[in-house]
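Each structure below appears as structure tokens.
Each of the next two complexes has chain A plus one other chain: chain B in the first, chain C in the second.
So, the complex of A and B:
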């Protein structure tokens, strides 16, 4: 499990981005639920933590693709592929993320970089 | 033609080229419109966060919007990335951000850069540093005023001071409670004339008896040719038989409660250089904003403002609006008739001002001073 942040430092309606590769973000919804998904929109390289959180959905700030935080599914295009979801655990006021072992769906340029191509 | 001496009754105007030379207009844009306070919009047009309006101020496009905290913000309407025009519509509403239609650089309502493709790979790009560049904003009389200067001049001196020098004090305009009036009507005029012809026209009343029959019926003293703007604190009195400031002198709308007894049945006119005219009558306020777009073209936006309940109840304001709408049409026709003469060989050295127009000479001195020209 990866420590993300203190729960007290993540108010409702906000997101915390973990600068790992690929990056992951933890969202604290207005209803008080915590979700973690891959931070990068599957359509083009943009941080979903910089996007707009509404209910259990996050909207990408670039082209308004929407993802369901519970399932990672695409709720609105232009993204086609889902983001991965990760398990969130809170212990002693700390938020931890248990990374998914599935393969991530990353936008083309990031996939190329992870594969050793030009960034 | 070499004579420079004029009879005592006359003083010279600006030369014709001042109204026709694009190079002079460019200097005016730079040294007047881009450095002074410029009235861009009625604050109520930006009804809620994300509502926006784009306006040209001098040579710049300016984006005016309302942020989440309800404050009004104004930015250069230019993307920080490659300079594309950020917002192309004249007005509208965004949900939460302005996005450049070229590469999707995205700015929140406070101007901060919130997203861009691959931005997370460029952690050294400051989100504020590369946010939209803001310009100074003030709200006064329910209008949004912006100033593009890096160090804006004092709003109190330049804007409020103009009103005080005309009316004698600021309370005289505050009594009309213009902030809280509602727009009953807005008419936009596309005038094919230089902006200075419109200002000069507004400043004098030598033309009133000739081109404004309806206005002169309501304000008989205008037949003397001395504009309300000629004397400090003077308001032109309604004619004895006149019931209200309407096209036929019939009764107007409900009087603005704060208007003092000595302001009742009077018309006051104020020019706030470089582009605002304010007219005060007991039951409404007429506010003109000029947007000079070319040396020979000026857009004029005119608002008729009434008590909120007058507008909400759908009362008939047509006779009230019609009076000054006619005045506007009569004035702008005159300005359009004058514009071609500005490039006549005969007018190269300009024309003359009669005594009731001599105060326009001070306006000309002011223009020359702003442009750094010696008076000549």
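So, the complex of A and C:
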């Protein structure tokens, strides 16, 4: 498990990005629930932690793709592939993330960079 | 309602078809499109697709496993709406009878009079336009872009990155002054000069020269700009000629209420062809943004299925983005309504500005250059009920 942040440092309606590779973000919804998903939009290189959080949905800050925080599913285009979801555990006021072992769906520009091709 | 015809197969038409199924409509669904292609994403046509870094398959808007149970009539244009007979007539002679209609025929790029048939002159709206322009840009040379708006600026940025010698001509003294206001229009269009792209402002285009192929753009002040390729980016006009004589109210597109209802029962309009009433602004405002084509069909379909018996909500403020020279430009709201513009973060010179437009102290619009996080915060605030 990866320590993310103290729960007290993550107010409702906010997100905290873990700068791991690929980055993961923890969202604290207005209803007080915690969710962790891959931070990078599957459409293009954008940080979902910078996006518009509403209910259990986050909208990409650039092109308005929407992802369901509970399942990672795409609720609105242009994204077509889901983000991974990760388990969140809170212990003694600390937020931890248990990373998914599934393969991430990264946008084409990032996939190309990781493959050593042109970015 | 047993049959709904969606006329238009781009983002607005697809979003309407999705809304119909999402809202429980299980009758026959016919989608008519004038292009031969399944719905595709247009914003990359002036950016990644034109640059050659994104292929055609990646433009598809539908997912692989998506099935809307629709009949797709593609590659055929709608030429008439017979409201009494509940029929849409198509250019190939076919007719589609339906109980409900969604008009989503979009807009077409304006052209330069007298440029027809001259090789090397392009507009950019469709996938076919983008393919043709991409092939020409790949050969290099001198590009003149007529119009300093977003499409023109994005093409200039892409062509610059491809190594072409680029000049942008804008008739107004400041490009983008309409959507962004004078001050910020100058800041954003300053990106051209930052990269050595020549920007000529405040002078109109008299015409083009060339026998079979364009060789120069002639300006009103007597100057001539040598050109191997010309892109005309002077705006778009709504595709509504086919509705003339149908009895539907037209005014800068299809005149609509705040939920897409038109003057005809069981007919709604969405996307670039639709001139919706904007309750925030207090007047009609035709929005040509991608996000409008994505989001507004939900409300229009609710109205269509309820046969007009729902109260229209207040849509989110219009939002659009543009990518130029590696800078993410984002804008939401109405610049024209503002009486002041203040820089809240970053700086104009640093090209990382976050500017807030206010009217009598209330935020009415926000502009961000490479400021996605702050921009989203302000955009949310604009959308909050007051």
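Here is the rule we use: the second predicted complex is superposed on the first by the 117 of 119 C-alpha atoms of A that agree within 3 Å, B and C clash if a C-alpha of one lies under 4 Å from a C-alpha of the other, contacts with A are read in each partner's own complex, and residues count from 1 in each chain.
Convention: a residue touches a chain if its C-beta (ideal position, glycine included) is under 8 Å from a C-beta of that chain, and two chains touch if they have at least 3 such contacts.
Since we're looking at a predicted model, the values are computed, not measured.
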When chain B and chain C are modelled together on chain A, clash or fit: clash
Partner chain(s) touched by A:23 [first = chain B, second = chain C, both, neither]: first
Touched partner set for A:108, first chain B, second chain C, both or neither: second
Which superposed partner A:8 touches (first chain B, second chain C, both, neither): neither
Chain B versus chain C as contact partner of A:80, first or second or both or neither: second
Partner chain(s) touched by A:50 [first = chain B, second = chain C, both, neither]: both
Superposition clash, chain B against chain C - the stretch among 91-99, 163-171 or 325-333 that is involved: 91-99
Chain A residues contacted in one complex by chain B, in the other by chain C: 46-47, 50-52, 61-63, 109
Residue ranges of chain C touching chain A (in the complex, touch as defined): 11, 41, 43, 53-54, 58, 60-61, 63-64, 290-291, 294-295, 319, 321, 328, 330, 372-373, 375-376, 379-380
Touching residues on chain A, where the partner in the complex is chain B: 17, 23, 39-40, 44-47, 50-52, 61-63, 109, 119
Residues of chain B that touch chain A when the two form their complex: 96-97, 99, 104, 106, 114-121
Contact set on chain A toward chain C in their complex: 46-47, 49-52, 61-64, 74, 76-78, 80, 108-109, 118
